[in-house]
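What follows is chain A paired twice: with chain B in the first complex and chain C in the second.
After this line comes the complex of A and B, so read on.
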């Protein structure tokens, strides 16, 4: 834990409310991680049932978002938090939106798995997909971990690694365009893989957002639109 | 104005702060509307300079987001708003993220305009693009207007029209896949149009989010993941 410690409040209930928020966010995060893993496996193994499971889980993720958001509003209205408590509540209202979007994108990947069942499997792109999915899954895990431990350095690592994922993604796209040009009959099927790659890249962006929220939470510093090395420089100055 | 009226506060300054938030959000929205119009025109007229202008405007939009977000945090800490004021502030923190994303997507469209300059213009897809861009531009305008006038019925119209845009988008994609299969040498260029269409569809989603925030602001009702007719039913019940 870097420079953040949540204030201890005279009201036990207030402490419990804040702790509950944190736990709920991590629980929601765990659900989204499962969705992502299942959706990718559904494409690879052409498993329609697993894809349907991902679609069902989306409803649970949506419910988490609405419930946690309500809880945040209640805390703001009743407790009127200040300083790091206020940042925590605001951070949670933002992070749950990112998680909900990640769940959305995982559902899109699951739909692509179903489309591949209908249109016929893609002759190409599985290697690229598996590779990117593994990287993105790791990124999501580190981002949630950074939140769980208020770990700014893990958060900066996420911002940095997301850049590699974007490079990887663009190179996969180029590969797939080449495949399509070589075998135009495969276009429709390869497009399904392409949309899935796109969703993975978006999930990476949302993981980076969560990491940026963690940095804001711990340091009160808004680091969106700033490069990782610039973030580190600014953190050094704060010491 | 439906059932919302912002409370009048003893503090003139507080009233002024809330009004400033509203104005800033609308100003940011105007900037994003310009970006969207310019980006689409940059593709249609292969205008590289206009595309560069969109990319430059993105920085301004980003700055708006950071400044407004800070202002919201300050108001929450100092004024400890309740009821509809609290909803307004929370709504603004969410809507600016949507606007920033819309600006991001407009920038992606501008990049596609630049790519079309490099890869050669696409033989197809301009009609679809122009059509979808007009629909999405209108949607964004109505969403911002719904916020400016706290107009729930305009907001519901946005939620509904976004569904039409999704249908339109999917039918355009099918067209473009057919073009690519007919003329595989055009794949790379048509893909640029496809990504631009995708960005337009996302911008539509964000406009719908803003509309949903307006409904939440006015009625305190979370309408995400609910159909437009279900929203209307629930509003009827509230009467």
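After this line comes the complex of A and C, so read on.
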């Protein structure tokens, strides 16, 4: 099934417990992906109902976080996991934190959709938003996929692509700021889009965190605050 | 009901068992018996207390330990772990020639204590065993008083001539073993009357009474309850300031708690030696990983 041999403990129950963690994390990730897609679509199509749905899903995501956390505590207490099992449990406790934050950010985007409905459509920014949302959605997807397959190379790609998203975000900001300076009456409405863009950028950061946790899980290497090429170099050294 | 319970397929364990190909023990053993076996990790240290090179141990025709090379640093706590019959206890017993007591046992290779070959035929094993003491799995106090249990070693090794000096050694040793306060008022009572944990600490006191440099411990806590175990582990931490300690244990948590480095043995071979923290979070050898995570036993 995987390179970590999660299913090969003498204790079948232990196999099942770890597999349950993995599945639950992926399910939680799936929910967050839906939230993200729905929230951005809610802005694009001015769909208040969809925005409300995103806010509702957040409660589910929060519950996932609590339940998975509890499961991790149980495994730590009952099994005293070591090596890759320990790394998996540690990684999951961190990854659910990131997913929960991503859920929060998606909810913020949904709130911006509602605000845009109240304040009126923004004259600018929708193209930028759609563009960034597509990139971030892909990033989240690849990060979760990297976890599902324990794929370090996919994880490195996420770390690298997050840099592009940061650049994209900054250039969109510059553009919108220029527009607001030209037309100060639009500031309130454009700001709604800007907040949504900011949330997207934050979601990208959390996806990168998850990718870094995956690298820790598979290779036991802490790669936080290290450039992608440096990560590759260290992996090469380990091999 | 939590989400986890709701989403978890009922028969995960069953399907996992059925659908996946097991990492067969035979495959792992094959990995262990490769002829070009090499220990991974850091086997060697600077200025070692013990330096073992290419140690092979045989019981008659059967080889129990294969080409073990390992340094043990001064005042280091090193833990040896591995499945039953992997050679870890046999290896430990080589370090003070305890295997000499077994007729069919033969030791090859070089084992040096502070640069002195301990298998030199001219060497007297009695002083060697005073320098390298041993604590066994089952507490084995002599059928004598608590006082005599500790005083016996210093007496026969002629370390003291006056009664006051002997008294002092007995008290210091019992204090170091964390037993003094519990037994100071009944030193003349038999050592066998103490509880299991106290008996084990008495044996440790007896071992350190002759001022050894190294203490070998062969599963010192496996017959003790968790509280007595915690006391012994605390003691190991304190003793490591003055003594080099090699401990064989079946409890991986114990190895993780007390040792600085951990050595993993498998089928008579030393597979991996690394800092304990590394071994238990990210071991280098797949067999170490399989063992400490409970993937085979």
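The rule is short, and it goes like this: the second predicted complex is superposed on the first by the 232 of 239 C-alpha atoms of A that agree within 3 Å, B and C clash if a C-alpha of one lies under 4 Å from a C-alpha of the other, contacts with A are read in each partner's own complex, and residues count from 1 in each chain.
In this text, a contact is a pair of C-beta atoms (placed from the backbone, for glycine too) under 8 Å apart; a residue touches a chain by one contact, two chains touch by 3 or more.
What you see is a predicted model, and the numbers here were worked out from it, not measured in a lab.
In the superposition on chain A, A:71 makes contact with chain C only, not with chain B. With both structures placed on the common chain, the touch criterion links A:105 to neither chain B nor chain C. Using the contact criterion defined above for the overlaid structures, shared-chain residue A:23 touches chain C, although it does not reach chain B.
Contacts of A:201 after superposition on the shared chain: neither chain B nor chain C is touched. Within the superposed three-chain model, A:151 lies out of touch with both chain B and chain C [touch as defined at top]. By the touch criterion defined above, A:14 reaches chain C but does not reach chain B. In the superposed model, A:168 makes contact with neither chain B nor chain C. Look at A:128: by the touch rule set out above, it reaches neither chain B nor chain C. When the two structures are aligned on the shared chain, A:80 is found in touch with chain B and with chain C.
In the superposition on chain A, the residues of chain A contacting both chain B and chain C are 70, 80, 82-83, 86-87. Interface of chain C with chain A (complex): residues 2-4, 7-8, 12-14, 16-17, 20, 22-23, 252-253, 256, 280-283, 288-290, 292-297.
Touching chain C in their complex are the following residues of chain A: 1, 5, 7-16, 19-20, 23-24, 27, 60, 63-64, 67-68, 70-71, 80-87, 219-220.
Put simply, chain B touches chain A in their complex at residues 59, 62, 65-66, 69-70, 73, 76-77, 80, 82-83, 86-87, 90, 93-94, 97, 177, 180-181, 184-185, 187-188, 191, 198, 222, 224-225.
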